[in-house]
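In the two assemblies presented below, chain A is common to both, partnered first by chain B and then by chain C.
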Partner chain A sequence: MATSPRGLVAVPQRIQARLTRIGVYVTAVVVAVFVTVPVYLMLTLAFQAPADAFAGGRVNLIPTNPTLRNFRVLFETTATSTYFRNSLVVTASTTLLSTAIAVSAGYGLTRFEFRGKSYAARAILFSYMFSPIVLAIPLYVVFFALGLLNSYFGLTLALTAISTPFTIWLMWQYFQTVPIALEESAWVRGASRWRTLWDVVLPVARPGYVSAAIFAFSVAWNDFTMARVIMSDENLYPITVGASLFLDRPTIGWGETMAVSVLICIPPFLIALFLQQYLLQGFNVGGLE
Partner chain B sequence: MATIHLEELRKVFSVGGTDHVAVDGISLEIPDGSFTTIVGPSGCGKTTTLRMLAGLETPTSGRIRFDDRDVTDLRPQERNVAMVFQSIALYPHMTVRENIGYALKIDGVPKADRDEKIEEAAETLQITDQLEKMPSELSGGQQQRVALGSAFVQDPDALLLDEPMSDLDAKLKAELRVEVQRLHKELDTTVVYVTHDQTEAMTMSDHVVLLNEGRLEQFAPPTELFDRPTSAYAARFIGTPATNVFEAAVESGESGPVVKGQGTTVRLPTGALADRVGETVSLGVRPQYVTLDGGDHGLDVTVEVVEPLGTESVVHCRTADGTPFDVVTSDLAGVDPGETVRAGFDTEHVYLFDAGGETVAFGTDLREPEESP
Partner chain C sequence: MSTGTGRRPPLGGLDGRTLLVLACFVPLFLFFAAVWVVPIVFALWMSFFENPTTAAEFVGLDNYVELLTTPRFWEFLWTSVVYAVGSTVLSLLVGLALALAVNRRIRGRLGLRTMMIFPYLLPTLIVIFLWTFLLDQNVGVLNQFLVEYGVVDEPIAFFSSLQWAMPSVIVASVWKYGSFAFFIILARLQAIDDDLYERARVEGATTWQMFRDITLPNLRSAILIILLVRGIWMFNKFDIIWLSTRGGPIEATTTLPIYVYRLTFSSVAFGRATALAGIMFALLAATAVVYFYVFQPSKEVNV
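Up next is the complex of A and B:
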């Protein structure tokens, strides 16, 4: 018991378990510090007037005088509300389009046999491996030819192109977990294929398409590259691009920049808050834990 | 209600370039309102046949008719059938009430009428208390009842059941067996039931369809299937323990042909099998008809294992050349593993199969009134 076959002193189980636990805690604390500190800095700067935040030549980390002044400045002197609206429009349409494509393609890949199906499936995964920037120049050329530059529709298409490979793959995996007997039993009872999809398949696959929608949402909401390439009209900038311009302006300081960052964080935060259970279920099936 | 006609029904699956014949030219007529069981070992094509009746598989060739209506090319939605699946297939996001009433909802039946029918079905199946629950809250037996209930409200031409009890324990099976039969009486519809369990086939049905590798082996009422199997396969598949079959030969005796094998001689009535003298045949006799004393004929067997079943026991033996031979008896005196006993049987309980396994004679036909044992 005291020595292992190689003559080393064996570590008792209890100590091993304790070491493991300490290791987990240390890792958790380090990760938490790296995530929480920037978020805290953002919040504390966003809710203090610049004069208070930088009083005395150093950053005041504990707000004594919380205020919404920075947000007021943002909305009164900049186009933040336009940027925010642009982001919402493009994100919502990308999420809808990408999820709709993913559901139809995923269902088709799962339930229908056709020539070249495995190639199609592999092509989808392969196309996901490209970085968006690789697509940017070709898409610019295509959209220029089609006259889709500087339009919500153009940006929506570009973002859908980036998110669909993964969402299709996710839905394809998810539909495979829906037993065919459920559909067959609905057909035998007289439900058409579409009706079955609506009444039976989609409700059962809800965690799957909610995950797909969340993924498409995050791609669209966080996008910077595509918007920068496709939108040159400032009135059409999404908030990511718009906010990046603030730092160049003399009238906008750190307080306002942090305030716009808070605004950017709100929608993803709400989604994570309300839909996290679906997110975990969907990604479980997709093989991502 | 409908008489179901199958005409030369054939289904070939092509997987990776090789053809697999699942159903190979089945023709039969399932009578209106009957309870018909399709039985056979795994892979004999019974589920495929049922799925073709439902419209979930398209036959490669052959026709299916419900009464005079050719349904071969109709989609499942266009046939008025109800089906209970092996996996039960309840919709996990609907309550029991919604599950049972789904077919009615599709048909556009108003909610009040729907509820009335659902409650009637629930009462018949004793699941009234479960109506507002979700399927995941129910036990396996209750889920199965819900599945039956969905079929019940549909008032189908045919009710198809695909091994609905294969996942249930023995006690529940016995309970649901009664339930299914009661449902059949109430619904007054044609029921086609698929199972691999020959006990279910024997106890529940009016008619049994026995399949063997996609071909129809025998289509007959259970008692006929038991008493007059048309082949060694049917004789061995139906009944537990399986029918004892051993090799024998037809020889010419003093007063006409006799069958000799394993040291026993079965005399045949004058003229019978005269054209088969010299052929190898098989003799079959059900373990239930073998006695350890008496019988017209007898052979010596060595006892290997004794399985007590309560009132009677199954004695597993082997003949001198190693062929398994089972005996069902209630008298175990002197029966111990290793002992040699004499297994006796009467001519009237014998089946005679030719080399290809077809039945050539039944014992009841071989009996000669004037013959004394």
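Up next is the complex of A and C:
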């Protein structure tokens, strides 16, 4: 066996490969356990009655009597359904608004020339680096002055504000990959710009705006900070804010808390399962908050 | 892309074109003005007043001076730095390790990749539920194991002990954000040419040498971006800390975002709160300048 360039005694490559392989598998298993254990605990607690789950003073990790009792208690004793309705309203309107702004801005920024475009690019990236709380305080004082606190509209605006920088950036990059020749050939055949937009550009840009919509959706669905700042009326709380107060109540235990967690996780779960490739496209463009 | 305006049909319908330009940019500018520019300018303006919402009194930079001269501000700043650095570096290491593993053709790599998406997509609230349960003093699974195997005598109240609160918050953050580093690094790894490794192997390079001389240089910019961007996001992170510890115990996990929230909603000191938001804004802008000059991300689009 050759010695390494530095003259050290080399470990044979076969052994190196084996050691690397062991290291790789150990890493994979450790991270997999680290990631899955909390999720498993959530599921096992959500589907067990508290009496079974904590029988004998320790957590029962393998459910013997699966039940939907926790979900029933949740809907009977708390305003969970109201919170979910609020979340759905705000999330749907944020997704629509954010995607619409992103598509029109992305199209405009790639198809029209104007001076100062590089400033536009920097402004978008700068606002993308913002964290919700840094914008939340200014928005709070303005919404306070305008009377927009405690309204779906106010929260939608706030969530659209923190999701659009990235959705615009994504659409800007995406429209660059849509050749303008497609549009030109439609114009040559006499189609108007608007018609071309509807019939040619939007269908081609579909993967782009699906990614943008997924991103806007998850920002709105996951948001806690903006809702906590803007909504103080309990009837308007989205599920994240509503559920965050559950553990303070005597009637709600870990079983019900994990049950509501399972419900909140369903949309992200479906996205991860069925729309993975759109999501990963977002990472290729430069990451997501 | 060199689609100059010149290549467009000369009579592309001037009216239609103007309308389209307006339709693209007017909503954008109105929206940005309403939710970004106006609030930030308004908040900065408020930061120069005492009681800006009631009996406003112009005090110049007093709010800033008051903040910067209290030792608490510097303590909270330090806590923010500890949290940001700790959580960012650890998520990077977890993400890097797993990305290197998944990039090898190991069994179950697609499953691992799908699995890594979950923590990232789970709402922060759920992440905190899971970790407060896992680390709970009475019912927590971790304490059960630690006591059973004699590692500790007494269960530890992780989130409410001075010593353990910050590490616990960091672990929960790493759990959620490790996948951010993972996906960015994995994408970069898959872009490295396999021939490079093949040639190095023929030359007799060790695994470590290949990692140091091929893998790391290719990952350099990805790693720096993760450190910088994730770092500033963690520095300004509010929800994870608020939901897990409310900044306690005794301010052990109070970072600047928690402090600004307290000033706004507990102390109702809008003047100082907006001044603190102004300081955080300045820190963010400074980071952005570094980001723009070092990485030139705006080159990713044609301007």
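As a working rule, the second predicted complex is superposed on the first by the 264 of 289 C-alpha atoms of A that agree within 3 Å, B and C clash if a C-alpha of one lies under 4 Å from a C-alpha of the other, contacts with A are read in each partner's own complex, and residues count from 1 in each chain.
Just so we're on the same page, a residue touches a chain if its C-beta (ideal position, glycine included) is under 8 Å from a C-beta of that chain, and two chains touch if they have at least 3 such contacts.
Small disclaimer: the values here were computed from a predicted structure and weren't measured.
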item	value
First (chain B), second (chain C), both or neither touched by A:200	first
Partner chain(s) touched by A:191 [first = chain B, second = chain C, both, neither]	first
Which superposed partner A:44 touches (first chain B, second chain C, both, neither)	neither
Touch count on chain A, higher of chain B and chain C	C
First, second, both or neither for A:150, with chain B first and chain C second	neither
First, second, both or neither for A:182, with chain B first and chain C second	first
Partner chain in contact with A:82 - chain B first, chain C second, else both or neither	neither
Contacts of A:60 with chain B and chain C, given as first, second, both or neither	neither
Shared chain A surface residues [contacts with chain B and with chain C]	184, 187-188, 192
Sites on chain B touched by chain A in the complex	54-56, 75-77, 79, 81-83, 85-87, 89, 91-93, 102-103, 106-107, 150, 154
Sites on chain C touched by chain A in the complex	1, 3-5, 7-9, 12-13, 16-17, 20-21, 23-25, 27-28, 31-32, 34-36, 38-40, 42-43, 46, 52-53, 94, 97-98, 100-102, 104, 106, 108, 112, 114-127, 129-134, 139, 141, 144, 175, 178, 180, 183-184, 187, 201, 204-207, 209, 225-226, 229, 232-233, 236-239, 242-243, 257, 260-261, 264-265, 270, 273-274, 277, 280-281, 284-285, 287-288, 291-292, 297-298, 300-303
List of chain A residues in touch with chain B within their complex	179, 181-182, 184-192, 195, 199-200, 203-204, 206
Of chain A, residues touching chain C in the complex	2, 4, 10-11, 13, 16-17, 19-21, 24-25, 27-28, 31-32, 34-39, 41-42, 45, 54, 58-59, 61, 100-101, 104-105, 107-113, 117-118, 120-123, 125-127, 129-142, 144-145, 157-158, 160-161, 164, 168-169, 172-173, 176, 180, 184, 187-188, 192-194, 197, 218, 221-222, 224-225, 228-229, 240, 243-244, 247, 254, 257-258, 261, 264-265, 268-269, 271-273, 276, 279-280, 283-289
